[in-house]
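Listed below are the structures to be examined.
Same chain, two partners: chain A is paired with chain B first, then with chain C.
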Partner chain A sequence: MVTTYLTRAYRSFAIHVLDVPSRLLALLLFQPLLFLPMVLPTSASTNYLLSVLVFGSLSAIFAASWDLLVGRCGQMTLGHAIFFGLGSYVTTMAWVYLGWPIWATIPLAVLITTLASLFIGFPALRVKGPYLALISMALPLIATSLIFYFKDVTGGENGLPMPISGRFFPQMNVFDLRTGEYYLTLLLVAVSGIILYKIAISRTGMVFVSILDDELASKACGINVTKYKMMAFAISAAFASLSGAVYAHILTVASPFAMGTTRSFFVVIMTVFGGMGTIAGGIVGAYLIHFIDSYVLRVIVDVPVEWHPFIFIGIVVIFILKWPRGITRFVTDGLEDLAEEREIEERGAHIWKKYKRKKKSTPEG
Partner chain B sequence: MHLLEVENLTKRFGGLTAVKNVSFHIDEGEIVGLMGPNGAGKTTLFHVITGFLKADSGTVKLRGENILGLPPHKIVNKGIARTFQVVRPFRHLPTIANVLVALKSPRGSKKIEWIKTPERKALELLGDVGLSEMMMEPAETLPHGDLKRLEIARALGTEPELLLLDEPFAGLNPIETDLLTKSLRTIHLDGHTMLIVEHKLHALMKLAKRVLVLHYGEKIAEGDPEDIAKNKKVIEVYMGKVA
Partner chain C sequence: MGLVESFLIYGAITGAVYALLAVGFTLIYGVADVVNMAHGAFYMLGAYIFFSFALELFQLNLYLALILAAIAVGIIASVIHRIFIDPIAEDIIATLVVTVGVALMLQQVMTIVYGIGHVEIPPFLPGSIVIADVTVTYSKILAVAVSLILFFTLWTFMRKAKVGAAMRAAAQDREVAMLMGINTTRLHMLTMAISGSFAAVAGVMISSSTSQMADPFMWLFPLVMSFSIVILGGLGNVKGTFVGALIVGFAETGVVTFVPEGTYLKGAAALAIMVAVLLLRPRGLFGKHIELED
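For the complex of A and B:
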C-alpha cells in the first residue's frame, strides 16, 4: 500500500517536475510499432512502409539527441547533422579501410564523434543564442567542403560506398532484411530513448534546464556552466553519431548529403512538431514527419516532392501558433485534465475549490 | 582573522568610478547592512565580490585567501552565495528542483549529510523559508514574495559561509517583509553570516548590527544602525543639504 502510494507519488513527480509523459503512455505508443511487421503481409508496399519507418527510427534517435541539447539545455544548434555525417563517415572508413566488423566500427564512430564534439564544443559554446546557431550552421558546410577536398579518401561528392556485405544482415533476402533492420533500429530507438530520458529526468538534467532558464543564476548556484554545456553537447553528439553510423550501414554508403542542411532543419521541424524539451516529442515527431513525408504525401496522395517543404513549414507555423508545446504535451495535458476531473468526482468538491484557489493565485502575464 | 576582508576595492566603467577604494570587513556570525542612495555602487560591489564583474584594483579575501578574479561558480564553491536584486528563478523547474540545482554544485552536494537524500535536504531548505507547500508548483507561477524567498533557499543550498542578499525586501508588502525577516533570523541562528543591501532602513534596523553607507562608490559611514540614522552626512546624502 505504502509502496503503491510512493510509486504514484514518484510518477506524478516525474510528470510535474520533469514535464515528460509517463512510461505507460510511451509503452502504449511503442506497442503497435512492435507488432507491425507481423501483422502486415509480405509485399513490396509493406517493404516500403518498413523502410520509411527504419529511417523514421534513425531520425527519432537524432531528434531526441538534438532535443536534449536544445530543448533541455538551450544551446541552439542548427548544424547537428555534422555529428550524423561524422558518424557515418567514421564507420564507413573503418569498415572499408581497416576491414573491421560492424559491431566494432559503430562504437568507434560514436567514440570518435564524441571526442570531436568536445573539440568543436569548447570554442563554439563560448558564444550564446543566435551566434551559436550561426556558428553551428557553418560546421557541416565546412565538413562538406573538407570531404570534397580530400576526394581520394572520402570519395568526394559521390560518397564512400561499401559493398553489399557492409549491411547488417548480408545473407538475408530483401523482405527479411527490412524486417531485421526495422527491429534493430526500433531496439536502438528504445534503448537510446530510455537513456536520454533518464539523463533528462536526472538531477544533471535539472541542471541542463537551469542553464536553459537562466545561465547567470545557475552560475550563482555554483554550477560550472561550461562543464555541463559540454556534457550535454557530448551526449547529444554521441547519439546523433550512433544514428548516422547505422544509417551508413543501411544505405551502404557514407555520402556528404547525410550532413546536408536539410537534415539539420528537419530535426527542428520534427522536434517542434512533437514538443520541444520532452525527449519523447522528438521521437514521436520524427516518426510522424517521416510517415507524412514518405508515405502520406507519396503513396496516399501524390504531392510533388518540391511542395513538401511548404507543407512542413505550414505545419510548423500552425503548431508554433496553436500548440507551441507540441503533440506529446497536448496529449499528456489532456490526460492530466481527465485525471483531475476524475479525482474531483471521487474525492468531493472541496478539492475542486482548492484547485480553483490555486489557479487564481497565479500571477498575470 | 575576519571572514571577509575587502581592501581598497575599485571598479571603473570607462570614466565612471562605480566603486572607489572601498575597504571593510565582515566577521563570522555578523549581519552587516549595506546602504546608499540609487547609483551608489552597492550592486556593483556585490558583482565584484562574487566574480560577476572584474575589479580594477584591490583585494577580496575570504578567510585570508584571495578570491578576486575567480569565476563566479568557483567563488560560490568557496562559500559565498548571493541572491539577485531582480529575481532570477529557473522558471521551467518546480520550486523544489530550483533548490536541487544548487545542491548539485560541488560544495552543495558535499555538504549533504550522509543520512539525507538531496530531495529531503531541499525540502528542509524550503521549509526554512516557508515554501514547503509550494514544492511541486512550477517556479513561474509563484508570486513575487515567494520567489524572493526561493532565491534565498537556493543560495542556502550551496551551504555558504557568507550570504550576500541584494535588496531582499524590495517589492514586498509588510506581511511578506515580516515573513522574510523571520526566516532571515532563523537562517542567521543556523550560523550563516550575511551582508544585506537594503533601502528599507526599517527592515534593516531589525536585523543588522552594523551598517555601511556608500555614496558615489565611496564609503562615507560605518557603525551602529542608530548612529547611522542620526549621522549628518548620511541624512544629507539621502535627503539633500539643508539650505
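For the complex of A and C:
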C-alpha cells in the first residue's frame, strides 16, 4: 500500500524533474553542497569531510576538462595530468622565484599551460587511437624525469614547497580556511562546469563531436580538423591547469605526484564512472569517487588501508563492465523510461508502438 | 673499463631482455586488438610467484620455479582475459580502463599478501665474466640467452605451427578467421596466456639479474618501456619489437653511461625517442603486423 503510493509519487516526481530545465536540476543537486559548512558542526571530522570535498572539486574540474577532450572530441589521452602538474609547477615557481601575488600566478599558470598544450597537442595531429593514448601517457613521465633531473630548480622528488603564506587565506584558522577553500573550489567547479558545458553544446562543441564520430567525414565537410583539435586541447589544458594551480596553493607544494600516472588513470575511471561525453558525468564521477575513496571507505566503514583501494577499484571495474555508459546516463535513462511508461499509461496503445520503434532505433551514445 | 665498450655490451643486454618483455604486449595487440595495460602487472606477478615458489613456500629449484611461475601467470592472464577483457574488447577506452583497473587490483593483492616492502629475487648463477674489460654477471648472460631462445621460439611458432597460423589469420581479419572455423575467443585466451607468461619470465629474469628485488609498484616502469618499444616497432609487429627493444636498450644505456646523473633520465630517453619516431612515422618504424600478414 505505502510502497504503491511511494512509487506513484516517485514516478510523478520523475516526470516533473524531466520538465524542469537542466540547469535547475543541476542547481538542485548542487544545493546541498552549498549549505554544507553552515549545517555541520565545527569539528575535526567536518574539517576532514570538507577537505575531501575540496579535492573532489579540483578533480571535478580536471575530469570535466578531460571529458571535453576525450568524451566530446575523441582525442584519447592518458596523460592529462601533465597539464595539472604544469599548472601547479608554474604557479608555485612564479610565487616562489618571482614573488608574484596569488591572483597573478594562477592566471599565469593557466596561460603558460595553454600555450604549452599547443605543443603537447601537436602529436595528436599526427597519431590517433591507441598510439595517441600511449604517447600521451609518456609525456608526463618525461616531464617527471626532467623534474627529477633539474632538481635545483624544481625541488626534485620532494617537490617545491611554498611557505604557509602561499595559501589562499593565510590569516584564517584551520576551519575557516577549509570553509573558504571549499567555497572557492565550489565556485570554480560551477563556473568551469558551466563554461565547459556551454562549449560542449555550442557550435564548436558540435564540431568536436563530428571529429569524434568521423574525422574523415568532418574533413570532407570543410571543417579545419587541425584547428578544432588544437582548440580542444587548449581549452581542456586551460581548465586542467586551473585545477592544478589551485591544488598547488591549497597543498602549498608543487610535487611530481601532481602529474603522477595515478592521477591520469583516475580521471579516466572517474569520467567513465560518471558517464563519458556528458560534462556533468565527469563532475559527478569525481565527487562520488573522492567521497567513496576518502570518506566512505575510511570514516564510515573503516576498511583497513591496504584493502581499501582493492575494493574500490573492484567496484569501479564491475561498474564499468556492467554499466559502461556511466552513472549519470543510467539515472537520466531511467528517468526517461519512467516518463515514457507513464505517457503510455496515460495516452494509450498507439504511443506504445511509437515507443517500441524508438527503442529499437535508439543509437548508442 | 671503457665507457664505449660498456655502453655497447650493456645496451645489447638490456635490448635483448626488453624484447622478451615487450613481445607479449605487441602479440596481444596484434592478435586481439587489446592494449593491455596490465602487462606490467603480469611482469610483477611473475616475479612474486617465482619468489614464493623458490623461497617462501616450497624452496623449489630456481629453474623449476621459473617455469611454474610462467605457467601460473599464463593461466591467470587467460582467466583475466576471459572475465574482464573479452566482454568489452570492442571498446578501446573501456579496455584501457579495465586493464588499468586489473593492474591496480593485482598491485593491491600483492600488497596485501606480501606487504608493501620489497621481496628478494635470488640470482640464478653467481659469479661474473670479463668481456672486453667490462664485467658482466652470469645472470645477465642467462637472461639474454633465455630471452633470445623464447623470442625465436615464438617467432618460429608463429610461422610454422598451426596455432601460429591461426593467430596470424585472426590478426588479419577476426570475422573471416571465425568463419574459417577458428575459435577466436579461445585463441585470444591462448595468446594472452603466452603474452602473460613471457612477461612473467621477463619479470623474473630482469629482477634477478639487476636489482634482485620485487615490489608491488614495479609494474609501471616495464609497462612504459614495453609500450615505447612496441610503438617504435609498430603495434602488433613482432619483428619491429626486436629492433625497437634494441633501440630502447641502447638509448637507455647511453643516457645512463654518458650523461652525468643520467639515471633520472633513463625512462625519458626511450620515451623521447618514441615520441620523435611517432612524429616522423605515425605508425612506428615498421607499421602494423608486417609478418603477421604475409
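The working rule: the second predicted complex is superposed on the first by the 308 of 365 C-alpha atoms of A that agree within 3 Å, B and C clash if a C-alpha of one lies under 4 Å from a C-alpha of the other, contacts with A are read in each partner's own complex, and residues count from 1 in each chain.
Here is the rule we use: contacts are C-beta pairs under 8 Å (C-beta built on N, C-alpha and C of every residue); 3 or more make two chains touch, one makes a residue touch a chain.
Please read all numbers here as calculations on a predicted model, not as lab measurements.
S.K.: In the overlay, answer first, second, both or neither for which of chain B and chain C A:Met76 touches.
M.R.: In the superposition, A:Met76 contacts chain C only.
S.K.: Look at A:Asn224 in the shared chain and tell me whether it touches chain B only, chain C only, both, or neither; answer first, second, both or neither.
M.R.: In the superposed model, A:Asn224 contacts chain B only, not chain C.
S.K.: Which holds for A:Arg126: it touches chain B only (first), chain C only (second), both, or neither?
M.R.: A:Arg126: touches chain C, not chain B.
S.K.: Identify the partner contact of A:Asp214: answer first if only chain B is touched, second if only chain C is, both if each is, neither if none is.
M.R.: So A:Asp214 only meets chain B here.
S.K.: Which touches a greater number of chain A residues, chain B or chain C?
M.R.: So, of the two partners, C touches more residues of chain A.
S.K.: After the superposition on A, what does A:Gly99 contact: first (chain B), second (chain C), both or neither?
M.R.: It touches nothing on chain B or chain C.
S.K.: In the complex of these two chains, what residues of chain C are touching chain A?
M.R.: The contact residues of chain C facing chain A are 29, 35, 84, 87-88, 91-94, 96-98, 100-102, 104-105, 108-109, 111-112, 116, 220, 224, 227-228, 231, 235, 261, 264-268, 271-272, 274-275, 278-279, 282-283.
S.K.: If you look only at chain B, which of its residues touch chain A in the complex?
M.R.: 50, 52, 71-73, 76-77, 81-84, 88-94, 96-98, 100-108, 118, 136, 141, 143-144, 154-155, 157-158
S.K.: State the interface residues of chain A toward chain B in the complex, per the touch definition above.
M.R.: Its residues touching chain B are 13, 16-17, 19, 203-204, 206-207, 209-210, 212-214, 216-225, 277, 361-363.
S.K.: Sort out for me which residues of chain A touch chain C in the complex.
M.R.: Those in contact with chain C are residues 70, 76, 78, 122-123, 126-127, 129-131, 133-135, 137-139, 141-142, 145-146, 148-149, 261, 265, 268-269, 272, 276, 306-307, 309-310, 313-314, 316-317, 320-321, 324.
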